[in-house]
Amino acid sequence: MNEELVYLYGFSTRKQMYLDNLLGIVSEQTENKVSIAIVLIHDGVIGTSQSGTIPSLLDKLLSLSVSVFAMTPDLLARGIEPNTVDPRIKCIEYDELVDILAQTPKVASWM
Amino acid sequence: MNEELVYLYGFSTRKQMYLDNLLGIVSEQTENKVSIAIVLIHDGVIGTSQSGTIPSLLDKLLSLSVSVFAMTPDLLARGIEPNTVDPRIKCIEYDELVDILAQTPKVASWM
Amino acid sequence: MQILAITIYSKKIYFVNMVVFTFVVCAEPYKFEALDTMLNLGQAILKKGHQILGIYFYGSGVYSAKRDIKLSSSMRDLPKRLENFIEGNNMELFACSTWMNFTGLKPEQLIENASQVGLGDLSKWMAESDRVIVFGPGG
Amino acid sequence: MQILAITIYSKKIYFVNMVVFTFVVCAEPYKFEALDTMLNLGQAILKKGHQILGIYFYGSGVYSAKRDIKLSSSMRDLPKRLENFIEGNNMELFACSTWMNFTGLKPEQLIENASQVGLGDLSKWMAESDRVIVFGPGG
Amino acid sequence: MVKSVIILCEDSPIGKNSAIEAIRMGAGIMAVGDLEECKIIFMGDSVYFLSKYFNPEKVNMDVPSNIFRMMELSDLDVYVLDSALEIAGIKQSDLVEFDNVKVASNKEISRFILEADITYRY
Amino acid sequence: MVKSVIILCEDSPIGKNSAIEAIRMGAGIMAVGDLEECKIIFMGDSVYFLSKYFNPEKVNMDVPSNIFRMMELSDLDVYVLDSALEIAGIKQSDLVEFDNVKVASNKEISRFILEADITYRY
């Protein structure tokens, strides 16, 4: 919980194009040992469940040394059970999101 | 020019998800010897130029026995030179689109 | 059916019948290109002698039928283009009454000759049309 | 800076300072979820004791600040929620004047306590904020 | 002369209003009796709409019970693409229980589109 | 306190108004003098906007000369991702000729985002 930058990513990870761009940038940033958090919000939570197919680009993102979160309310709204979410993702509530936003100096809104 | 069904496809072929769905359906329809036309319109013309990278799903679509058209005005508006478009695609003007729409009994608007 | 033209393509002869179109537009203007393409395609359809029964605006497409907007001088005037298009070609323009409510648009805010109706009128048009072209909500 | 709380996480102690937020909303209501999330996140931010300077509506986001819409009984009343949110928490709501013009929205059609301003006011807010969260145009 | 209509949905039902509007539109055009048939096809991310666990209240959005009632009362046939359900991890037993909601294969949906007079994506 | 801003564009400049609005917004927030810096980054399908062959008049849409003037007159730095240009098949010599339009690598853009106070996608 001492990341320098947090991304709020709000697009279905099954829409390849946008995730491609995020992945390219975050890969580069983590290579330089910058500590990054990514919060999957809105349709960004789609594709995170192990009950279904996890898109390969999301899998790549999860293999980087970044902290990845998913918004529990967004999961539940879509009927996705947080228990089934890939264990590399931490499911969080709005009050935890607020703490992340307050404690991370920089926010990138990608939604 | 005696297709049974014409699709008007209006999304960037670099947005994988939508093209996936179209490809699945059209593949099935052509297997059953149905004659299909696809008109790439709006952002659907993106990805057609051999000067750039042709998305692999578009390439798959072009390898099916379907007639694929691209709207010349949409290409030119985006600065894509019709001469560079994959030769499996026929570039057409609005008046040719009207003929296709008038002569093909069924239209699917995917845009 | 009225025969409009005979065209020859790939050594075959085609008789082009007069075809009746209906348009449905579901995206807002200036953000997505749906309305622009509808106008471009509409002009080409009429030029070839086919008919357009009308244009139905659904969802945030209803914003496309609003008059009295203030544009900068370099921007195309879409409400005016639309007004000219339907007036010059004697066709109807309907905005979905449900979405007029959801957006708070009033009938008097619509462009010249446009009116609000329910989806029943769209189905009537569909049943009278040979082709229906739908410009989706965009995005 | 005002310290709001001390939290312990992974055996480390964190001092939580009061953080000042600004929101920007660029999508229309009922079509995209931007406005809903803004309200959810906004409530959570205030509950934790942080501050929100204001909400700026840009692009077709300006439709979100319109009052006087007619919803069906099963629909959430977003203009009312927004009105309650800014009124109960003493914050400002601005709609971009350029986009008010492009959409033909009039200041008197905006919800209670909302007003139209230029982008200069947004940059002033940005300069006074610790965090700016932007809800994009959607799609 | 159009008699049968197909509406396609591909987008997430929370992120965008497409699923709800496809049904509202389908029910609306079927109400008067000018058309004979309307099928709504859910594929891609839209399939979450038909999960019995779909719960927009979790993000303070509208419960779709009214929309489902519209769907039931009208003569809409709602189909959901089997492979899209699999990708989303939704089992058939997880689907909302309505008589007019059925699972269909890509083969069937491809045929539906060929049979219908018009098809459009909302 | 925010002093520097980055706006990201990913969408096609004809299909959606994102490219134009990103510049309008960037120019607008830089006009008053509260902020020190604003960079606009074009990637994905948005890069067609910066091709010198970009020509919206072909579909009867607005010529972006006003928007380009806005871009020039304000202190905006406009960057375009090199790999996105390559995918689109746009050579550097095909780019509009403005002093404030520059090609940047993924490495550079990644650094810009780290350096800026806030980043957002329009």
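Here the chain labels run A, B, C, D, E and F in written order, and each chain numbers its own residues starting at 1.
One rule holds for everything that comes next: a residue touches a chain if its C-beta (ideal position, glycine included) is under 8 Å from a C-beta of that chain, and two chains touch if they have at least 3 such contacts.
Predicted model, so just to flag it, every value in this text is computed and none were measured.
Enquirer: Please report the smallest number of touch steps linking subunit C to subunit E.
Expert: When the steps are counted carefully, the minimum from subunit C to subunit E is 1.
Enquirer: From subunit B, count the fewest steps through touching chains until subunit D is reached.
Expert: Each step joins two touching chains, and the minimum needed here is 2.
Enquirer: Between B-E and C-F, name the chain pair that shares the greater number of C-beta pairs in contact.
Expert: Of the two interfaces, B-E and C-F, more C-beta pairs touch across B-E.
Enquirer: Sort the other chains by how far their Cα centres are from that of subunit E and give me the top one.
Expert: Ranked by distance of C-alpha centres from subunit E, the top chain is F.
Enquirer: Sort the other chains by how far their Cα centres are from that of subunit C and give me the top one.
Expert: A
Enquirer: What's the distance between the Cα centroids of subunit D and subunit E, rounded to whole Å?
Expert: 33
Enquirer: Give, as an integer number of Å, the spacing between the C-alpha centres of subunit C and subunit B.
Expert: Using C-alpha averages as centres, the distance is 23 Å.
Enquirer: Among the residues of subunit A, pick out those that touch two or more other chains and give their numbers.
Expert: Correct list: 10, 12, 14, 17, 42, 73, 107, 109, 111.
Enquirer: Scan subunit D for residues touching two or more other chains and write them down.
Expert: 30-33, 37, 40, 59, 75, 98, 131-132, 134, 136-139
Enquirer: Could you list the positions in subunit F whose residues touch two or more of the other chains?
Expert: Within subunit F, residues 14-17, 44-45, 59, 61, 118, 120-121 contact more than one other chain.
Enquirer: What is the shape of the graph in which nodes denote protein chains and edges denote touching chain pairs (line, ring, star, complete, other)?
Expert: Drawn as a graph, the chains match no named shape, so other.
Enquirer: All pairs of touching chains?
Expert: Contacting pairs: A-B, A-D, A-E, A-F, B-C, B-E, B-F, C-D, C-E, C-F, D-E, D-F.
Enquirer: Quick one: which bits of subunit C touch subunit B in the complex? Just the residue numbers, please.
Expert: For subunit C paired with subunit B, touching residues are 7, 9-10, 12, 14, 16-17, 19, 21, 33-34, 37, 40-41, 43-45, 47-48, 50, 131-136.
Enquirer: Quick one: which bits of subunit F touch subunit A in the complex? Just the residue numbers, please.
Expert: My answer: residues 6, 8, 10, 43-45, 83, 106-107, 109-110, 113-114, 116-121.
Enquirer: For subunit C, which residues are in contact with subunit E within the complex?
Expert: The contact residues of subunit C facing subunit E are 24, 26, 58-59, 98, 118-120, 122-124, 126-132, 134, 136-137, 139.
Enquirer: Of all residues in subunit E, which touch subunit D in the complex?
Expert: Contacts found on subunit E: 14-17, 59-63, 65-66.
Enquirer: For the complex, give me every residue of subunit B touching subunit F.
Expert: The contact residues of subunit B facing subunit F are 10, 12, 14, 42-43, 46, 49-53, 73-74, 76-81, 84.
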